[in-house]
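Got a structure here, written out as structure tokens. Questions coming.
Think of it as A, B, C and D in the order they're written, each chain with its own count starting at 1.
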Amino acid sequence: MRLGVLTGGGDCPGLNAALRAIVRYGHAERGATVIGFADGWRGVLDNEAKELTIDDVRGILPRGGTFLGTSGVQPHRIEGGVERVRETFGVHRLDGMLVIGGEGTIAEAVWVSVPVIGIPKTIDNDVCGTDASIGFHTAAQIATDLVDRLYSTAESHDRVMVCEVMGRHAGWIGYTAGVAAGADVILLPEHPFDIEAVCRRIRETVVLRRSFAIVVVSEGATPIEASMLVPDYPVDANGFPRLGGIGSIVAEEIGRRTGFETRVTVLGHVQRGGSPVAFDRVLATRLGRDAVDRAFDGGWDVMMGLHAGRIEPVPLAEIQGPRTLPPELWQIPEILC
Amino acid sequence: MRLGVLTGGGDCPGLNAALRAIVRYGHAERGATVIGFADGWRGVLDNEAKELTIDDVRGILPRGGTFLGTSGVQPHRIEGGVERVRETFGVHRLDGMLVIGGEGTIAEAVWVSVPVIGIPKTIDNDVCGTDASIGFHTAAQIATDLVDRLYSTAESHDRVMVCEVMGRHAGWIGYTAGVAAGADVILLPEHPFDIEAVCRRIRETVVLRRSFAIVVVSEGATPIEASMLVPDYPVDANGFPRLGGIGSIVAEEIGRRTGFETRVTVLGHVQRGGSPVAFDRVLATRLGRDAVDRAFDGGWDVMMGLHAGRIEPVPLAEIQGPRTLPPELWQIPEILC
Amino acid sequence: MRLGVLTGGGDCPGLNAALRAIVRYGHAERGATVIGFADGWRGVLDNEAKELTIDDVRGILPRGGTFLGTSGVQPHRIEGGVERVRETFGVHRLDGMLVIGGEGTIAEAVWVSVPVIGIPKTIDNDVCGTDASIGFHTAAQIATDLVDRLYSTAESHDRVMVCEVMGRHAGWIGYTAGVAAGADVILLPEHPFDIEAVCRRIRETVVLRRSFAIVVVSEGATPIEASMLVPDYPVDANGFPRLGGIGSIVAEEIGRRTGFETRVTVLGHVQRGGSPVAFDRVLATRLGRDAVDRAFDGGWDVMMGLHAGRIEPVPLAEIQGPRTLPPELWQIPEILC
Amino acid sequence: MRLGVLTGGGDCPGLNAALRAIVRYGHAERGATVIGFADGWRGVLDNEAKELTIDDVRGILPRGGTFLGTSGVQPHRIEGGVERVRETFGVHRLDGMLVIGGEGTIAEAVWVSVPVIGIPKTIDNDVCGTDASIGFHTAAQIATDLVDRLYSTAESHDRVMVCEVMGRHAGWIGYTAGVAAGADVILLPEHPFDIEAVCRRIRETVVLRRSFAIVVVSEGATPIEASMLVPDYPVDANGFPRLGGIGSIVAEEIGRRTGFETRVTVLGHVQRGGSPVAFDRVLATRLGRDAVDRAFDGGWDVMMGLHAGRIEPVPLAEIQGPRTLPPELWQIPEILC
């Protein structure tokens, strides 16, 4: 058995744990040859590869990121890319690829027609076909710890503290950190928000309840008032507000409309780095081992997912579109829409 | 609607989060009167009670333990206990009790015949009828962080480090911390272990792989050699080895049989205290809210549980016996049996 | 003995620990009456005051912020402010004030002519007359932990990660987090930096050493090229670059000049909140107790400071101007100037 | 310039940071050849050595322990040991040794007559001639975090929680963790304690103040009643109480004499492992660099120490005897004697 392995898309905590499991179990226990590619599909395209042994994965379990490197390169969008991938695949006489990534990275295997077993990772937790993706629980924990810290200043200065967290298409981090840290308002990509309703809630909170307020905003949250996004905010090349984006806009609007002192914090990249929490280490280890077993059984072209505590395969066709928050999680008043 | 609420059994992180959710949602949003009892069923027995309002639960979300206090008192085992409980129940004109506890604490409601909705908590994660109990993920995270720390000394001194973690009847903490921290050997209550096999594994590890070894032992792990438990170990009133128990025994045997320098650390109570991780805060909040909804719907005599990401009721009859590790988690060589 | 106490200026971890020490030791052990004022000098101005007892300080030792609240109000700059402060002082028949704050907050006591014993706090660590101010070691630890996390992404994506930390006039946080986390470049307020030298260092690092680079920038660092601050950066009312300030500018320039993928993270308010580290808890407790002793000895008009491990009084006249990094800390190449 | 380097005695967080600074600054910047010896003086005895370059120290700054390994071997106590050390010294043509260790490890250089510059490390903080040793602030922080966690259970169950921390001859960790976590009683090696006074304090605390109590005990604390150490406690080969030692004894006595439910936790090795706090990383880096400078200046036979924020040399003759807590730290009622 000859297995390729790569990590693609944004990095996250737990990738190294998955790689370690694949090498320790796949190579050392089951005898497969494991070829690691550098920087996601980029390394397949350029045949930048290395046979991995147990020495390569020693000590990496608690470390964030991926020792193989990662990128968002998609060979099928590159002239001659499919052929180059298939050539690399042939050179190494691979039986198939274990692809650790989000929906796009895994789907790439279909575009380039190589047998694949996908392992879902993304701090946003928005891959369909699994209860959780590698990296999410760590990111949500980091965001929670940091929102916890904002209470000190909110309370000591009677301020409104706005915290922007990751989550472009799905609000899992925002929901988890918001509920876990007891935010007064949570704004998520799933539902456009009404800034006036937000200000109303904050006035009630500050006047009646606790003299300060905490607002958690996913980076993908959008206002129903399009005008909020227009006039004087500096925008980047894609027309997206620069530096901090929606969190900064929300903070400015709250300050302007309520008169309360308001500050914004944009957590940014610290959410995706550092040592994974126990949940992600165990999830990554289990997904890695079971992907190897699945490969030995010849069960290609699935993604391994977590389902009620068990690891099970899902057909690739079922993992389309971002997995957003299910309706039953919406029944809390902190989430305004 | 008049609801009693109590926390029983050993304390754990997330109890305060559940109490907060019940008071904020049940009282402030849905209008119920919520009566909190001190120290579990002890407070019902003695009618030590207090009506809870939002002021009682302010700021407690991130705090460990339970502000109501807790105990293992079981009224039905006390002369006249059932009558005293029922009298308290009548005095407060309760519609039912929300009981946050393990199997025994929840089952007590059946013995004393009061309507109950159970909310599962236990760091051991061994309550049936739910994918996770409040407190477990925090305990597993603490244990993982501390086993991580033992690597420094193991590596610097070429030692075998044995770490005893909690888990009397089920090995969830041991499994999670062991896999997450990359232990070489994991000993769990589910399978009696052979100390000779343990020593064999350690010799291989130390000689062939990394010059040191990490062993995680659940407090409830037992050896197949009964003699190991006998002769010169000091025992407590129950005949259980004193001070550190099985972890110390395992460390001494490994040291004696392999000749390697071996040290034991017994994590003890630090595993059950302090601020809950995000997972437990969200789980506790969801269980608390859904228990209130269930009470308003009159759906008594169930436990609310987590099932594949959803909160659902389980009949009390189904929550018997400790929930041990499922077989598919056993397929790793670190777990010797 | 009747003592007033207030916390002024920006909040920081350890203020509650200092208040607790003053009340527990000053009131409960030595019998003083302790009057706490709300929101720094604002509460003295408005006579918003409360006699503090041991119940007010129970459980606050590990909590960030200040339960008294804080503000930057300076009575001597307000029409009639000095008189109002002196009236409040008389109403409570105070012997003097224990003022927990930075240079300005402590100096205010001189302006309004009340006896004072100052206790230095500021996460920036820039108060003269003490080896360390309350809050600094916590802020430096948080910043270090978060820069640690940025390594994962830097390494996995071969990126330059720029991290802006607090420190307007003194670079203590930037120096500590930069050295502790092993940054390749550290930019501090003490020395204007040459962006070309920065880019040169980064090119060397990325090409010769490790394929990525970490840059730590204090918010008060300034470039020698004034033009860098001018043309297309959005500025706030004070002409200061908006949202992220110098960190964002540095990141954009590095990206533009070197061609390396570069990202910025602005840590912001998370650096000043949450539970204090052990160092700050002990420092705050010692400063609080010794300030009480000093008051009982009648030794007013000093600030208590840490000097080589001992707490000693410093005349107020000696605490002028920000305490910047001493020259011997500059002898490292990471700090470019 | 040819420099030997070793780490001796118990491992602690920050050793790797010091080694990294020595190699990066001494070798890469100043051009010295740096020879690393395995396992402290044992590696010099056996000439187990390796020339260190920047690749050996990459990524080790945040890691606990020492990649060189460590031991307590003292060549001058071994037949022919002095000669073997001097032979190794000659083989490598060393100008001198940089010795990272406690008093004994550094003093060994005098016994074997090689030029030495010492760098103090010990989590106990008991090396004379420096305000702080590498490792202490990390150990004190870990202990504080863990005592914090014990509050949950103490409070929820109305218990007395006893926590044994490291510190054989000096109570720095016990003092710091005890004060920082707000312990009710702190027992240190510096002063034999009266168990009756301890029980009196605990009764007052539990009855009058907060229904539970927290006791921090250094491993080296001793009772004034010798009988307490005698009859039924299992002792080890050195006559020292087995498994948990004094903490367990104190807990049993408190439980027996007061009737309060009492539990003990022995923190053990987790206090000396894992990632160093920022303070230790910076201290280790500064000590390492300044030791190199000192070697280039030919200023052998000193230890580099921290003095009021500066790194300065101390003659070896001045670093004798354990550095215990200074009297001014004793003026708190928690410390019973």
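By our rule, a contact is a pair of C-beta atoms (placed from the backbone, for glycine too) under 8 Å apart; a residue touches a chain by one contact, two chains touch by 3 or more.
Model, not experiment: these values are computed from the prediction.
The fewest steps needed to get from chain B to chain C, moving only between touching chains, is 2.
Set against the C-alpha centre of chain D, every other chain centre is closer than that of A. Averaging Cα coordinates per chain places chain A and chain B 30 Å apart.
Computed from the mean C-alpha positions, the centre of chain A lies at a distance of 34 Å from the centre of chain C.
Within chain A, residues 148 each touch two or more of the remaining chains. Which chains touch which is summed up as A-B, A-C, B-D, C-D.
In the complex of the two chains, the chain B residues touching chain D come out as 7, 10-11, 13, 15, 39, 63-66, 69-71, 142, 145-146, 148-153, 155-158, 161, 234, 242-244, 248, 263-270, 272-274. The touching residues of chain A, when paired with chain B in their complex, are 20, 29, 54, 58, 61-62, 131, 137, 140-141, 143-144, 148, 176-177, 179-182, 209-210, 275, 277-279, 281-282, 285-286, 289, 307-311, 326, 328, 331-333.
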